[in-house]
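We just call them A, B, C and D in the order they show up, numbering each chain from 1.
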Amino acid sequence: MYQQKDFVLSVEGLTVSFDGFKAVNNVSFYIEEQEIRVIIGPNGAGKTTILDLICGKTKSTEGSIKFKGKELTKLREHEIVHAGVGRKFQNPSIYEDLTVFENLELSYPKGKKVWGALTFTRDQAVIDKVNEIAEMIFLKEMLQSKASLLSHGQKQWLEIGMLLIQDPELLMLDEPVAGMSVSERKQTAALLQKITQDRSVLVIEHDMHFVEEIADRVTVMHQGQVLSEGSMDHVQSDPKVIEVYLGH
Amino acid sequence: MLQSKFKSLTPRNDVLSFVVLAVLLLVLLPLLFDIFRLNLIGKYLTFAFVAIGLVLSWGLGGILSLGQGIFFGIGGYAMAMFLKLEASTPENTAIQSTPGIPDFMDWNQLTALPWFWEPFHSFGFTLVAIIVLPAIFAYIIGAAMFKRRVGGVYFAIITQAIAAILTILIIGQQGYTGGVNGITDLRTLLGWDIRTDSAKYILYFVNAILLLAVLVAAQYIRKSKLGRLLVAMRDSEDRVRFSGYDVDNYKIFIFCIAGIFSSIGGAMFTLQVGFMSPSLIGIVPSIEMVIFAAVGGNLSIFGAVYGALIVNWAKTILSESYPEVWLFAMGALFIAVVLAFPKGLAGLYETYLQPKVDKLLDKKLKKDKAE
Amino acid sequence: MDNKISPATMKRRKVLKSLLAIPAAMALAGGTFGSLAHASEVNTTGLAVTDDTVKVGILHSVTGTMAISETGSVQAEKLAIEQINAMGGVLGRKIEYIQEDGASDWPTFAEKSKKLLVNDKVAAVFGCWTSASRKAALPVFEQYNGMLFYPTFYEGLEQSPNVIYTGQEATQQILKGIDWAKETKGAKKFFLLGSDYIWPRTSNKIARKHIEKLGLKVVGEEYYPLGHTQFNSVINKIKLKKPDVIFTTVVGGSNVAFYKQLKAAGIDLTKEKPLVLTLSVTEDEILGIGGENVEGLYASMKYFQSLPNDNNKKFEAAFKKMWGEKSVIGDVTQAAYLGPWLWKAAVEKAGSFDVDAIKKTLPGIELTTAPEGYVKVHPNHHLWSKSRIGHAKADGTFDVVYESKELIEPNPFPKGYQ
Amino acid sequence: MFADYTWAELGSIFAMQGFSGLILFAVLLLMALGLAIIFGQMGVINMAHGEFMILGAYITYLTSNLFADFLPSLFDIYFFIAMIFAFIGTFLLGMLVEWSLIRHLYKRPLDTLLATWGLSLILQQLYRTVFGPREVGVSLPDWMMGSYALTDTIEIPINGIIVMVITFVITVGVFLFLQKSRKGKQARAVVQNRAMAGAVGINTAKVDRFTFALGCGIAGIAGATFTMIGSTGPTSGQLYIVDTFLVVVFGGAASLLGTIASAFSIAQAQSIMEFFLSGSMAKVLTLLAVIVILMLRPQGLFSLKVRK
């Protein structure tokens, strides 16, 4: 028990099967406070499924996910969010028909019940917070544009911004730099450095340079199972990992 | 500034639309038409209540219900039950074997009023029922479906099937419901004869004002954060869900609102037309109601009103002059709406007329803009 | 209701009529009546009557699911109007009709009734088919004091001063049919089957009461939703219960399905084991079912196309001349044909198109030229008519195998049958 | 209710009732097969499905008149030729509709609902204008209409057997087509991943048109078959539409096996309840049961569990 107190997230024995196919098979790992953890692995290794399981999008078949001592597998999606877990999807998922401002505003942690949403007013606190986040994600100038007009990279940032405004304790990012130009990628890395300071982060990424840049620890997955775990150097020298990557 | 919204949603345009519609409904139409036509318009407008509800649930929320006739029927039947009880005084029904109960019950050998009819002696209860019953019913359907993530096409087909079931039930339980004939021969409301021309005028205005009130409510919902959330859900439901919203509740809420609006329309239908029957509940009327919203433009609450008016008007005129071709015309209209102008009348307005209107307004309101 | 007419008006009208008769009109009128009065006196309530025309309305479904059934009525009404015009019209005025489409939608019937009465000011309306459409339109006719001639056999339980019911109400159609089945065929056990709405349910109620009164037995009673097309289960039930008579009130598309499936299940109607007695299959319906599928079926109604009297021969010939050799005439079609003739007789007897005037003259109006034979309007606004049983042949026509001796009194609120 | 009957009687009634259930199963399945392709595979909500069926029925009617007038000697087998005509006719109309209407709407499934509803109104009025508002009687050769006495008390309707045989053949045909033929594989590929299918050289427009038309053609065959048991009029098609959609949805839209299972369970449930209850109540209860099950299991009876 004492051990869990140090961990923000502890995943134990997590398994999910789709019609008998075990997409995630008996996976366990632990994330500490302020840690940046990156999950890597070939396509189909079960990385995204892990995130789906943590945020409640997919229900696990077996195992437990504890977030600050709270069992997440029993909670519904929005309760998991309220518990302090934020998640960014692989494809930027934002509200194309709304402005950037409105996109951010909707993620502001107020008026999240039906009645609250009906009576929600846009007060100065909201406006200030949105401006602050917009500044951070390089979209200050775009606040009144429709989100559909943003570039791919800007959409990624916007989604990250939408998470930041909720101030989650655990931030989960699914390929945050995929499809970005080199300069965007640099900006994103800086952004991540900045925002990860006071929270734990779980990232899925393919780009090894990027991983090296940000990761505290790395978990390598293969065929639904954890293949190796440790520092970047450690997993890079792990023969099992080498075999999987080179064997392909 | 930050308060500004989309161009298409600028309050200025909405205020203008609202004023134009109010003038049309409250001044122009009553001046232009005799009470017969005006009463017909009143009838068409009761469908506009449903169409506005559909704009909120379908247009904004992406929830297409093919069973809005259910709610139209709940309101319509609630009102009809009250009026029928009032019409079935022991004096009026003296020739029956059991005087004092509605005539169709007597024909079906009922000798006492069924328990669920009893509360409809009270006008207050009836008014509450018109709002609360559809909300409860919509909540049950919505909770059952949305909590299990039934959506889109499935939801449409299931609501359609529910409308079909309800029709079969009402027709089959004729002793309690009046069966396929519906509840007819309604005469007075709290002693006030609703069949006279003056009553019809008054009812028309009550209906029009209620409609405008519903429009204001719809506008409020649309402009609130909840309205933006619905749009957001349509774009990316998961993102909303993982931003900490219980998405299902929002869907249930808006479905309930749409149901309540429809129910008010149904009640006003009964008052103005003087009867209610299962033919307004089933699959065909329910789909037609969707079509009113589609013709108006499924994103525009004002368009919904015009859609209901114009489609019904066309139906009446065409079926009077060319009974053989009106189905062709209706069919062609629906296809045209989908293929040629998917945003409906509102879309046409936005593309062609609104820029001009904006220009005009801009000129006049330059001073206002200076601040 | 303000149906009353002041005695003063009545008196004035009579005086005027006798004084102002225009002799020249005699020739025009073709001798069917004696005088041609000025429009203002035969029409004191502002109906659409001019010196040489009078407007009436025809209100049936031309579109929608009911168009199937209502077409024949429209044709018959148009034929009657044409014939009346050829004879010189009504009170010397040609009938012009305004046709409206009820579109199988009950509110539309109410709406169009109102249009005909309020906007077009028609002197009479021939129309409605289903009870639901009549129930929807009825308050309109009562409120605006119009006159509706309603052709369909129906469940009764209604009697409005503003409607003439030219079809049979339920007891007229049912009682004699059951008597006949008992006496001629020795039937003891009945199975009642109907579509699920008010007419079949009321009819079966009356039938059940009567059957039980006769000391016979009802072994089953079943209803299927309108438009139902699967009857195998009920056919099995019928086989299990072994009734002598299947008494059916199935309507519309379901009829086609029912008889086809009955035949396929090995129940041969010509063997009469059991015998099938229907209230709802006329020559019109047989067109859709196919004569070979209903050969041997018995139908209880007041009219069959094959009635061998001269009136009917003339009517059939005229109908076919107007609407084509292949057209068939069912019970309702004939009843619809009576509407304009009854109205003409009542108007001419009253010497006025005023609805209040013809309300007074209608009871007691007789037609000796009706295709079904002699009919007479009862004070309850239904018709005295005969009960007949027809036996269906493979060519889609009926042999009339039974005809009540006397006219049966209409009894829309039958005591003891409710 | 069974007290007065012998076991033999009861036995034969239950046998016949079981057979009724099978016939109903065949009818529902045949109705739903075309839609299972159009709605289940392509995602097009074809509200005009009933009207396509009725077109098949009208073609059968025309063919029967043709044979009665010109080839009376072959009247006994006209029905099978009529079915082929019905297939061709509805197939061609399906291609026309896909080309003019549906292909613009693949990304907007709910809009297909509105457009095809408009189409169904137009078709209904077209039938009314051409064939008149009355139902037409389709005469069938005598051998198709009788019954076959299995024992003294068990009689099997011949048309029921024919419906079952036709349904069986069409179902197997559709199954083999989708699973084995090149065209069928292409059709499935397009459904599963349009972009990818296009990229590997499948002419997706052509495949769509063919698939849609095939669904319509099957509806035409169904319509032709139903002239044996149902009515043929301008609005007869509307009678089928709710049942048809429910069968497909209940089965799990994308699964042909599901459609079969769903038709079977709905048919048996309805048939059994009809025997013990009144027809109306049986219908209401069946529909309710289907809806409740769908609420508990929205993906239908059979569905592929996939990672979303």
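To be clear about the criterion, contacts are C-beta pairs under 8 Å (C-beta built on N, C-alpha and C of every residue); 3 or more make two chains touch, one makes a residue touch a chain.
Bear in mind that the values here come from a model prediction, so they are computed numbers and not experimental data.
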Chain-contact steps, minimal, separating subunit C from subunit A: 2
Higher number of C-beta pairs in contact (C-D or B-D) found for C-D
What's the farthest chain from subunit D if centres are computed as the mean of the Cα atoms? A
Rounded to the nearest whole Å, what is the centre-to-centre distance of subunit A and subunit D, using the mean of the C-alpha atoms as each centre? 48
Centre distance in Å when subunit B and subunit C are each reduced to the mean of their C-alpha atoms: 37
Using mean CA coordinates as chain centres, what's the subunit B-subunit D distance in Å? 34
Find every residue in subunit D that makes contact with two or more other chains and list them. 125, 128, 238, 280, 283
Touching two or more other chains in subunit C are residues 62-63, 196, 223, 225
Report the residues of subunit C in contact with subunit D in the complex, numbered from low to high. 62-65, 67-68, 71, 196, 222-225, 227-230, 232-237, 239-240, 252-257, 260-261, 263-266, 284, 286-293
Can you name the residues of subunit D that touch subunit C in the complex? 5, 9-10, 13, 16-17, 19-20, 23-24, 27, 125, 128, 132-140, 142, 145-147, 149, 155, 157-160, 226, 228-236, 238-239, 270-271, 274-275, 278-280, 282-283
As the complex stands, subunit B meets subunit D at residues 64, 66, 144-145, 148-150, 152-154, 156-158, 160-162, 164-165, 168-169, 171-172, 283-284, 287, 290-291, 294, 324-325, 327-328, 330-335, 337-339, 342
Considering the complex alone, what residue numbers of subunit B touch subunit A? 2-6, 221, 224-226, 228-229, 231-232, 234-236, 238-247, 249-250, 253
Looking at the complex, which residues from subunit D come into contact with subunit B? 39, 43, 45, 47, 101, 104-105, 108-111, 113-115, 117-122, 124-126, 128-129, 238, 241-242, 245-246, 249, 253, 280-281, 283-284, 287-288, 290-291, 294-296, 298
